[in-house]
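Letters A, B, C and D name the chains as they come in the text, with residue numbers starting at 1 for each one.
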Amino acid sequence: MILNPGILALFITSLLISLMTIYAACHGIQILRRWDIASGSELQLILERRTYLISTIVTYFLAFQLVSLFLFIQTADSICHLFVGAMCAVGTLTVNSFGYPTLLLKVLTFIIAGLWLILNYADNRGYDYPLIRAKYLLLLILAPFVLAETVVQCFYFFGLTPDIITSCCGTLYSQSARGIASEILALPVIPAKILFSVSMLATCAAGMRLFLNGKGVYRLAALSGITFVVSIISMISFISLYIYEMPSHHCPFCIVQKEYGYVGYPLYLLLLSGTVLGLGVGLLQPFRNKKSLEHIIPAIQQKCAGAAVVAFVLFTSIVSWQILVSSLKML
Amino acid sequence: MANVIEHHRHIIDFTLSSLLRRKGKNGALLLVYAVIVFILASVLFFSHALRREANLALSESPEIIVQRTMAGRYQTVPIFWSDRIRTINGVISVRPRLWGYQYDSVFQANYTLTVPAEHPPEPGSIDIGSGISRMRGAYPGDIISFAGHDGLPRSFTIRNVIDHESELLTSDLILLSDKDYRDFSGIPADQATDLTLRVRNPREYSTIAEKITRMFPEARPILRTEILRTYDALFGWRSGLIIVIFSAAIFAFAVFAWDKATGLSAEERREIGILKAVGWETSDILLMKFWEGIVLSLTAFLVGTILAYAHVFYTSVALFAPVLKGWSTLYPVFRLTPFIDLGQVATLFFLTVVPYTVTTIIPSWRAATIDPDAVMR
Amino acid sequence: MAQRRSTIYLGVTATLVLLLVGMFLYASNVVRTSRPLFARKTALVRQLQLTDLCLFTEASYTRHVSMTDISTPFQDSPMSLEHFPTGALVEPPFHLVRNHGQRD
Amino acid sequence: MISVRDVSKIFNAGHPNEFTALHRVSLNLPLHETTVLKGPSGSGKTTLLGLIGCMARPTTGRIFVNELEITSLPERFLTEIRRSTFGFIFQQVNLIKGISALENVMIPAYPTGEKHSLLRARAMEKLGMFNLDMRAAARIECLSGGEAQRVAIARALINNPAIIIADEPTAHLDSTLSREFMGIIKELKSEGVTIILASHDPIVYDSDVADRVVEMRDGKVIKGGKRP
C-alpha cells in the first residue's frame, strides 16, 4: 500500500459510501418486506419517510462516484512513476489484477445509480408509489456491486508495492500482447470509425424518433448500450490518437490530463450521461402500463431521449472537433 | 426551468437567513472547516510542487552514479575504474566526480563542495551558492578562507554567486576547481569521490548497473530513475502519514458536524415544524439542508484552497517552515513554481467535503421528517 | 431594496470560484513561462552533476538524500528521531528499500 | 365539499400507550361556509383539523376534498394539496424569528418557485390588507402581539387558499384582539373563503360568522349541524 493522498481519499470515500449503501440496502429490504400502501399505520409512514433518505443517499452516491471515477484515473496516473515501466494510468492499473476490475465496477455502479435515480424520478411522480418494488430490487442489485468495488479497490491498493516491473502503454497495447486491450487495437482505424459513426447515427436517430413520436424505446436503450461500448473502443483505437497527435498512443486515460486541455472530462461525462439516459428510457418501458404513470412515463422517456441525443451529439461534436484540429492525419 | 432556479434561490435565501441566525455556531464550524481544508491543501500543494520541481530539475542528473563501498562505508573510487566501465556497451561517457562536505564551525553550517563538470572556476577562486552569500555577507571579489584536511587555512576569491533562481538546488554549494579541491580535501590524484555515467539508452540502465557490480563487486551503482523515484516519493510518505494523523482531526470535525446536525435545538425543530406545516415538503427541507451543507462546505473549501495556494506559492509555506528547516542554519529561500492539478482538488474534496456530507445526511433526513402537525400539538 | 441574500451568496461564491479558476489558469501560465527557468536549472544540474535538492541542510548526512546508503545513520529508519525533522519527512531511497528491505 | 368518512386516528398503535384521538368520525363540510369545531381540549378537534388539512393521514377511513381522496396519497402530493388549498392559522403565531415579517409571509410560497418579484408584491399586498405594509421589514421579535397575529394570517393567505384552517386562533389573544380576529375572518368569509375553526372560546363559536358548529368530545362528534 502506498500512502498517497489520492489513494487515501479514494479509500476513505469508498468505505463511507459502502457504509451508506449497506445502510440504505437494509432499509430497502425492510421496505420491500413491509410495504403496504393501503395501510395508514405508523410503520407505513416511517417506511415512506425512509424512501426520502434512500433517494438522498443514492443521489449523493452518484455525485461522489463520478468524482471518484476521475480521481481514480488521476491518481493512477500520478503514481505511475513509482512503477518501473509504467508510463501513465494504464501502467499503474496493470500493476496487479485488481486495477481494471475496480475501474469497471466504478463505471458500472455509476450507471446503475443513474438508472436508479431515473426510476426514482418516475416513481415520485406517481401518486401510489408505483415503482417501489422495482426501485428497491434495483437498489439491492446495486449494493453488492458497490461493496465489491470497495473490496476490489482495497485489494488493488494494498497490492500496490512500488517498483514492480509492469507493462506500460507500449507493451499492453502492442500488437503481440493478448487480452481485450490488444483485440481492440487489432480493430483498425477505418472499421472503428465506421462502427463509431454508424452506432452514433443510429442512436441519435432512434433518440429523435422517440422524442418526436414516442416509438422505438427498446431500440434506443439497446443502441445506447452499444454506443457506449463502441465509443470506448473508438476512444482507444482512434479518438485518443487524434487528441495526443501521436499515431501509437492508444491510451483512454491520458485525455483527462491538463496537457490535453482536460478534454477527457466533458467527453466521458457526456458519454456516461447519454448512456444512462438512453438505458433509463428502456428501463422505464415495462412500467408504462401502471395506471398512475400512464401519462408520466412517456413524458419522462421523451425528456430522457431528448437529453440523451443532446449528450451524444455534443460528444460526437467534441470528438469531430478534436479530429479536425488535430495535426495528426489518418484516413 | 426558471421555476426550478427560483425555487432553489428561495430556499437559499431561507437557508442563509437561518444560518445567519445562528452566527456563532455556524461561524465556528465554518472557521474550523476552512482551517482543516487550508492545512490539508497546503500539505498537498507543497509536496506536489516540490515533487514536480525535483522531477523536472533533476531530470538531467547523471544517469548512473557509481560509488565504492568498503566495509559498508563510502570510499573514494580509483579513477582507473572509469576506463574499465567505459568499455561496457551503451556507456557514452564516464566522469570522475569530486565532491564533499565542509563544516563551518563559525556559522555552524554545512557546505557542499563540488567540482563542476563544465566551466569550473580557475584555481584560487570559487563560486558560492546564494544561501552562503546571504549568510556570510560574502560577495564577488571577497576572499573566504577554510581550513583544509591538514588544518592549514586556504583562501579563495569569490568569482560568482550562483543565481538566486536555482537556490533550491544550489543554496549551500561551493564550486571550485579540480586542483583546489584535491589540495583542500586531500583526495589523491588517482581517486575520485564517485563516477558519473552517461548512457545511451534508458532501457539499458539496469543491465549496465549489473555489469558494473559484476566487474567491481564493491561498486554501488545508483540509477537516475532511482533518484527521481526517491523524489517522487519524497514527502509522499509523510504527507500520507500527515493525512492519516490529520484524519483524527477530520474525524473530530465530523463528530462536531454530526453533533451539530443531530443536536437540533428546540428552536430549530420548531422552525422546521412550521415550515412543514405551512407547505414545505420533506424534500424541500432536505434541499434546505443540502444548501446548508453546500454553503458551509463550498465556502470553507474555496477559502481554504485559495488561502493554501497563497500560503504555499507566495509565502513559501511560512507556517510549515520551522518543521522543514529543522536545525539547519543554511536554509534556501525559494519560491516554488505553482504545479497544481485537478487531481489534488478532487483529493481535497474527498478528504473534507465527503466526510462532512456523509455525516450530515442522516441527521438532515431526521430533521426533515418531523411531523408537519407537530406545531399544532 | 437590499439585495436578496441568495444573490449576495451566489455572487460571493461565483467570485471565489472564479478566483480558483483564475488561480489554476495563472498557475498553468506560470508553469508555462517558467520553462526557460527549468531549462536553466537542468543545464545547471547537468553542469554541476547535482543529484539532490538543497532542502535538508542541517547535517551532511541529510543533504544528499538519494546518495545515502544503509550505513549512514539517517537511512537506518525514516523514523530515526535523532534526525528529526528531516528523518520524519522523507522516505529512504528506493534502492535501499529494494536491496535491503524495509527497516522499520 | 369536504367529506370525512368513518375516520379514526390512533397514535402509538400496538404500544401500551396507544391512544385513540378520533373514533369513527363522519362529517360533511360544504365549501364557502364557516364551520367551528367546538369542544374541550383533547376532544380531537386539532387532530381532525390536521387530517383535513393534509398534515397527517388517518389510521382508517377516508377524507375527500372536492371529490379527491386524500387519505392514501404519498406525502409529497399531500403537501402539494396542502400548500395550494389550505392556509393555516395556529394556536401560537408560529412565526419564524430573526427574519422580517415580509419573509415570514412569503415562506409558504417558496417551494412553488414563483418569481421573487411577483411573490414579494403579493406578500406586500397581503400585509397591506392588514395595514402592516409599514412593518414589512421589521423583525418578528419587534412586532406587537396583534401585529404578529395579523402577519400569521397574511402568511396563511399568501397562496390564495380556498380553505382556511384555524386551530384555537384566539387562545393567546385578549378579547379585543380576539374580536379583531373574528372581524378579519368575517371579511375573508365574505370573499368566499371556506373557513374551519377549532375553538372553545365563546367569542369564536358564538360569533355570527359561524354557519355551523360541530361539537366534539372524546374523539367523537356529538352534535353538529347548520345553525338556524
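What we mean here is this: a contact is a pair of C-beta atoms (placed from the backbone, for glycine too) under 8 Å apart; a residue touches a chain by one contact, two chains touch by 3 or more.
All values reported here derive from a predicted model rather than from experimental measurement.
J.: Going by C-alpha centres, which chain is most central here?
T.: It is chain A that sits nearest the middle.
J.: When A-D is set beside A-B, which has more C-beta pairs in contact?
T.: Of A-D and A-B, more C-beta pairs in contact link A-B.
J.: Taking each chain's centre as its mean C-alpha position, how far apart are chain A and chain D in Å?
T.: Roughly 49 Å separates the two chain centres.
J.: Per the centroid of Cα atoms for each chain, what is the distance between chain A and chain B, given in Å?
T.: A distance of 34 Å separates the two centres.
J.: With chain centres defined as C-alpha means, what is the inter-centre distance between chain A and chain C in Å?
T.: Going by mean C-alpha positions, chain A sits 34 Å from chain C.
J.: Between chain B and chain C, what distance separates the C-alpha centroids? Give it in angstrom.
T.: 3
J.: Enumerate the residues of chain A that touch no fewer than two other chains.
T.: Chain A, residues with two or more chain partners: 49, 162-163, 258.
J.: Can you pull out the residues of chain C that are in contact with at least two other chains?
T.: 4, 94
J.: Among the residues of chain D, pick out those that touch two or more other chains and give their numbers.
T.: 75-76, 116
J.: Contact residues on chain D for chain B in the complex?
T.: Those residues of chain D that touch chain B are 46, 49-50, 55-56, 75-76, 79-80, 82-83, 88, 90-92, 94-99, 103, 106-116, 155-156, 159, 167.
J.: Please name which positions on chain C make contact with chain B in the complex.
T.: Listed in rising order, the residues are 4-6, 9-10, 12-13, 16-17, 19-20, 23-24, 26-27, 30-31, 34, 37-38, 40-60, 63-67, 69-71, 78, 84-86, 88-91, 93-95.
J.: Inside the complex, what are the residues of chain B that reach chain A?
T.: So the residues of chain B touching chain A come out as 43-44, 55, 225, 228-229, 232-233, 236-237, 239-241, 243-244, 247, 282-283, 286, 341-344, 346-351, 354-355, 357-358, 361-362, 364-365, 368-369.
J.: Could you pull out which chain B residues touch chain D in their complex?
T.: So the residues of chain B touching chain D come out as 2-7, 9-11, 13-14, 17-18, 20-21, 267, 270-271, 274-284, 371-373, 375-377.
J.: For a test of understanding, state which residues of chain D touch chain A in their complex under the given definition.
T.: 12-13, 57-60, 71-77
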